[in-house]
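What follows is chain A paired twice: with chain B in the first complex and chain C in the second.
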Partner chain A sequence: MNLYRIQAVISKEWREIVRDRLFLTLAFVVPAMLMLLFGYGLSLDVEDIPFAIVDHDNTQLSRDYASRYTSSRYFDFKGYSQDESLLSKKLSTNELRAYIVIPENFEKNLMAGKPAAVQSILDGTFPARAATSKGYITAINTAYSSELLASYLSKAKGVSAEIAAEALAPVSVSVRYLYNQSLLSTWSIAPKLIMVILMVSPPFLTALGVVREKERGSIYNIYASTVSRAEFLIGKITPYVLMSVVNAIILWVLATFLFGAPFKGDFLFFLLATCIYVMCTTGIGLVISVLVETQVAAMVVTAIATVVPAALYSGVLVPIPSLSGQAQIIAHALPAMYYTNILTGTFLKGTGMADLWQDVLILTLYAAGLFLVGYSLFSKRPRS
Partner chain B sequence: MTATVQMSEAKASASLAVSARGFSKRYGKDTAVNRIDLDIHKGEIYGLIGPDGAGKSSFMKAVAGVLSFEEGTLQVFDTQVDSEASAELIKQRIGFMPQGLGLNMYPDLSVEENIDFFARLRLVPEKELTSRKHRLLGMTRLEAFRDRPMKNLSGGMKQKLGLVCTLIHEPELIILDEPTTGVDPVSRRDFWSILARLLREQGITALVSTAYMDEATRFQRAALMYQGKVLAEGEPDVIGNLAQGTMITIDVDSQADALQTLSRQFEQIEAVGSRLRIWVDEADAMLAEQQLRDALAGFTIQHLECDTPGLEDVFVAKLRQEGNVVADLPAFEAGNNDKTGVAIEAHELSKRFDDFTAVDKISFTVPKGEIFGLLGANGAGKTTAIKMLTGIQLPTRGEGQVAGANMSTAAQLIKQRIGYMSQAFSLYLDLSVSENINLFAGVYGLDSKMRRERSAWIIELADLQGYEKELAGSLPMGLRQRLALGCALVHKPQILFLDEPTSGVDPLGRRRFWEILFNLARVQNVTILATTHYMSEAEHCDHLALMYAGRIVADDTPDNMKAAVTAEAGGLLEVSVDKPIVAVGVLEESQYKGAALFGRQIHLWAPDDQTNRSRITSLLADAGISVLGMQARTLSMEDVFVYRVLQQEQAREKNAA
Partner chain C sequence: MTTLRIGMTRMRVMTSKELMQLLRDTVLIIFTIYAFTFDIYWAGSGVSLSLNNAALMVFDGDSSYASRELTSRFREPYFRHVGSLSHSRDTNDVLDKGEAMVTLDIPEGFEQSLLRGEQSTVQMQVDSTNTVLGLLASSYGQQIVGRYGLEVAMKQQGLSADGGISGPILDDRHRVWFNPNQEDSWFMSIAELLTIITVFSMMLPAAAMVREKERGTIEQLLVSPLSAFQVMFSKVLAMTLVIVLLTSISLFLVIGGLFGVPFKGSPWLFLGLSTLYVFTTSGLGLVIATFSRNMAQAGMLIILLIAPMIFLSGAWTPPEAMPTVMRWLMMVSPLHYFIDAGYGVLLKGATFTTLAPQISGMCVLGGLNFALGLWRFRRQFA
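Now for the complex of A and B:
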């Protein structure tokens, strides 16, 4: 191992990167762009649902019921209407996501102690959003019903409204969300996006960089010279690892300052773990670049090998324990999941090396394994 | 006794740089190199000559230790190269420049940074590096371009930089894979003279491959390769004896008819401009001439000349003798268009790109039915000129008439009347042969009857029977080129434009290609305008225009061009000496500036008179070199090209100063 030769390869590679303006720009702009696009686009919160009400009763009680919806932050009230067919048309053009129909004699029936049926119509194209909307409607409706019941009870028994309400709901649930008190999805998404982006971008840079040399034919300089395989690979990859670490810091800044995700852990530990993860994903790029011959092939293979695991088997969309048995095995076999643990730990939970050393160790082994595979597949005297 | 044998064997192996025995290289099922035996001595320039696909690159890569092989043994210096580990042992002593002009260098790095990278990879000490860099850059005249990014260098400069990078660690053996392919003749000559100087000064060994047969004379020894086998090996003269025969060039009235008559008896025959060149299987010139005169009874022969055949002629003869027959051409229907008049007229055409003038006021006229050649180095403006004439690009200034239409206003009409074949052969490589033909027929709006007719004719013309369903991309270059030509001819154009039509095609393929062009011009009266890098091809043209820096600097028939240069320069003198590599240096230092090494001979510009003879003899005698012979040489088109371009360069430098 000769440091002088490694340095020669690094400095040549670095100059090439810096002079190729397009490549340099893409290397730094694309990860940040992805962070912004996904950060703003991938919010899983359902709020401000465009909403309308058809009130056939038009009484004080029906207005009161309707006001529970119109004052909610989850619904963006668009107005009253008498024309149901107009509303269903608006539902189809996405101007509305939901509306409720309050029937005639709503007040009269309730006052007479009879049940009243309110109909709610929801856009079911996105099941998750529809289910959440339905949850909001049910919750508002249940709250209103029990309030109504409580006021009956207080009138009938002559007790205060509070006592009546307590009597009606003997078991109450008090919920406190730890680590993400207000359950903002950006808090949890932003750190995980760092994982996704660092899974995809370092292998792309590395694979393109190495394969470019193969495709042009300048790899023969390496084959024909006395530089050893390890020296070449280390020199070739170092600039890409460094660039990716810089990217990681940029992404961290975006996640904490722009998306407001809390960072409770130790930054140095985060940086160390991130370096290891970046080496790991760079190693994926290395293995790919040793196997393919053209830049186009490198891009396609890298995309398949990184995007899918990063999105599906990392815990970013679906928590790992909720995956099927097979999917869980895949998730455990890939590096993304371990870094997701580290990210959630350092960002939201404030845990450090003491709790996350296992994940760090696995990533280290992973990186070492990938480099070993890349090293043994790379030959200075190939068959063709 | 045994001791002596052992000693002489040891001595023999000590004088060998490379020794291959039964060497074979296969890629899957394809055999690239088939059991060859080769010995390369230390201190010589050894050549591998052969067309694409001959196996040259595979062998060179194996010698450089960058490609494994399947069979046989390969010894480089004292090392048996049989594994990655053993290959590593020889790499410090070897410099390898792979095929492809400048492709192994880094386009975004400057000249100096490229050299530095190669040097540091080889652990050349910084102090050594500075002095070597200075010397090599000076020798290649790249000193002024140290800071220029490699991507902004011309083809010839890239090639020289490649050589510098290969030499920076002072290897004992350099392996150069087709260093002169795609480089203009002037840069090619320059390259050879630099290489000769390096060998002279440093005593290194060089293994060099080339696809240009006429470069064979540059080597001390060479191997002629074809389809993975060595056809002949040894000194260029020995290779030249591969097939015995005489080359006869004649000037005869009614050339096309004479060609028809002769081709019944002689298989290897080609039209070169207004002449015919015929290979006669008879080494004795007198007898050969008699055979030819008998065959041409009834024709008036204006002029007849017998020559020893060039290597390319010998190579084609050998392949022919081994049974590689080329199918006969289909019939060409006589053109019914008006045979007289002008097909292309360019008047002061100019094309500027920002502040760069690609084409500067060129004017020329091409009569109908003529084969017109546009010569020039890379970047001289040939392709831009063709693009303007075919209506692909609008000229900045000037005008032209093409096939009776104004090129600035009637581009669409012109496109119907002309055929165009570009450098890349303009085929769809993922379509089959017949799909390609149908596509071109469809583009030109041929009806289905016409389409079938033309399809059959093209298949026959290109000798593609049996390949109709093959993908164009899977065809060898020669067939691909002829298919492209057929596609350009599908709508029976009056004028055919060809932009570097024969790059990468082997001699047999090139011959058939020119045979087709000749028939098109002479029988069908199609006008042909072609650009080419191969100076031997320029001789096929009826008329030539030589471009330099966007301008036409010579415009005449090949013969007149040669006559003009001979008159100006006094002629070309060939000097045979016992130490050619040293001798060329001595002559370069003297008044004979253009001295160039061709194997054991040196060519220089000087009239063949007593003054020059005695001056050269005494100059060389002072350096301890004895002259073996001296004779005047007839010029080749390449000599003309180099002379004219150097003249322009000198005039330019004078103007700059």
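Now for the complex of A and C:
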């Protein structure tokens, strides 16, 4: 290992990057742009669900019940209708996501102390959204039911409505939300975006950088030179790691200052963990670049190996405990999940090395492993 | 007539050249097949967006019949007991470490106060680093506790003998259409297929174009008798053939075969829409190709477009919850139309006529992309 030769490879690579103005600009602009687009656009909150009401009863009570939905911020009321077949058509053209049917004799049954059935019809195309909407509807119905019961009880027993309501809810729950008390969606999304973006952009930079030499043939200069395999690979990826670390800091600034995510942990620890994570994702690019021969393949393989897992198996969109079977295995086999733990830890929980050392250790081993694989697969004596 | 035939022959030659070049890249072909089969299968079989198995730890300070009854109601699929706590002060610790997502704290004397008819409070602490899940976990928890309390009260107030709930209440009936059992695999496998189609139809044509520029072989194409349009169109045609072929394999074998998604509409219409979508997106790839001189530039530009397209077009983020500006921005994403159309055909039984807005949206975008790409290409080389 000769430091001078590594430095030579680094400066050659760096010069090549700097002279490609568009590429240099894109390397810094793309991560920041993605942060902005996702930070403003990516939200998993289910709100403003477009919905309609079919009121077959049309009494004071049924309108009172309907007002629970029309005044809710989770629902976007699109109007009353009597025509269920029209509504079901609107459900299939995405104009509505749900509608609620209040049956005839709604008021009569409830006043007589009997249950009344209300039906909600939901669009199940996106199951998670349907489940959340169902949760909202159930919550509204439960609240309304207990009010009805309380007034029924107070009439039957001749006690005041408050006492009746208290008697019907002998157990109350006090919920405390930790780490994100006001449940701000950007607080939970912004830190994880750093993970997603750093999962996607460094491998692209690296994979294309190395394969470019292969495809153009300039790699033969390296094959014929005194630069050793390790020296070449270290020199080749160092500029990309450094650029990605700079990007990580820019992303951190955007997450904390623009999107207002709280950073409670230790910045130095965050920086250390981020450097290791960037080495992991750069390492993925390195391994891919050693395996493939053309830049097309490099690009496609990198996209499949990074964009898809970053979305599905990292914990940003899909919670890790909800994964099953092979998906759990894939999630544990990729670095993204561990870095997500570090990000939520350092940003929202304020934990540090003491709680997160396992994740850091795994990432370190991962980076070392990737580099070893890349090193052993790379050969200065190509077979073909 | 003969000019047309000659034109067709030229394009056929060009297309088969592109196909040959693609098929000779073994690693690429292996990965392409993997992406359209295994990748979709794994995403569909293992990934669920709903709250499942939220790790729950309980501190039971009462250890009574009532407290055990209440804790036993926190069960799968929403909650999963991962252990008990011996001190209530440990709760913050296990949440910090991420060992639990929810802790439930039942105070001493819980059963006693229930029997005396007094109100008692149980504590729930929820890790809300993921706000959606935090909110869901607390609402499920509140429902469970509320229901339990109501059953106890029903007995105490003599409204019902067996703890069943009766009286003037709402009988909550849900019907979920298009996916009655809310199978995540239906949603996920289609979403993943759309993602994969997007990745390939953007990258393959763009790469095929940039490669010629980078190697200089574009000069050979320019002196050939093919027109600029024929060059571009043949490239797109070759990639479209491959992508649509693989899409149909994935559609019939994985999505229909393994996951049993009922094709409410015609799968052939879906393939037709896919072809249109691949064309539209390829046009976008070609535009990128005219802006970049080498593959590294093209790669970064593609990421810049493809990542927001995949995440923000509507499969992951509900469009109604997005800010208005972003919603407008997504109108230019062809995937936005393809998501509506694709799910519409496969799950909702949409037909060609009901999808007219989506189809025309894709046509317009595709036409614009091709026109822009062609114009830039001619200006650069002709």
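Please note the rule applied: the second predicted complex is superposed on the first by the 327 of 384 C-alpha atoms of A that agree within 3 Å, B and C clash if a C-alpha of one lies under 4 Å from a C-alpha of the other, contacts with A are read in each partner's own complex, and residues count from 1 in each chain.
Rule of thumb we're sticking to: a residue touches a chain if its C-beta (ideal position, glycine included) is under 8 Å from a C-beta of that chain, and two chains touch if they have at least 3 such contacts.
Computed from a prediction, not measured in an experiment: that's the story for all the values here.
Of the two partner chains placed by the overlay, neither chain B nor chain C lies in contact with A:L3. When the shared chain is aligned, chain C comes close enough to touch A:S120, but chain B does not. Looking at the shared chain after the overlay, A:R381 reaches chain B, while chain C stays out of its contact range.
Touch criterion not met for A:L86: it reaches neither chain B nor chain C. In the superposition on chain A, A:N221 makes contact with chain B only, not with chain C. By the touch criterion stated above, A:D20 is placed in contact with chain B and with chain C alike. Here chain B and chain C are compared by how many residues of chain A each touches, and C touches more. Once chain A of one complex is fitted onto chain A of the other, the partner contacts of A:K12 are limited to chain B, with no touch recorded for chain C. Common to the chain B-facing and chain C-facing surfaces of chain A are residues 20, 216. Residues of chain A that touch chain B in their complex: 2, 4-5, 7-9, 11-12, 15-16, 19-20, 216-218, 220-227, 379-384. Considering their complex, residues 27, 61, 64-68, 83-84, 87-88, 91-92, 94-96, 98-100, 103-106, 108-109, 113, 116-118, 120-123, 149, 165 of chain B touch chain A.
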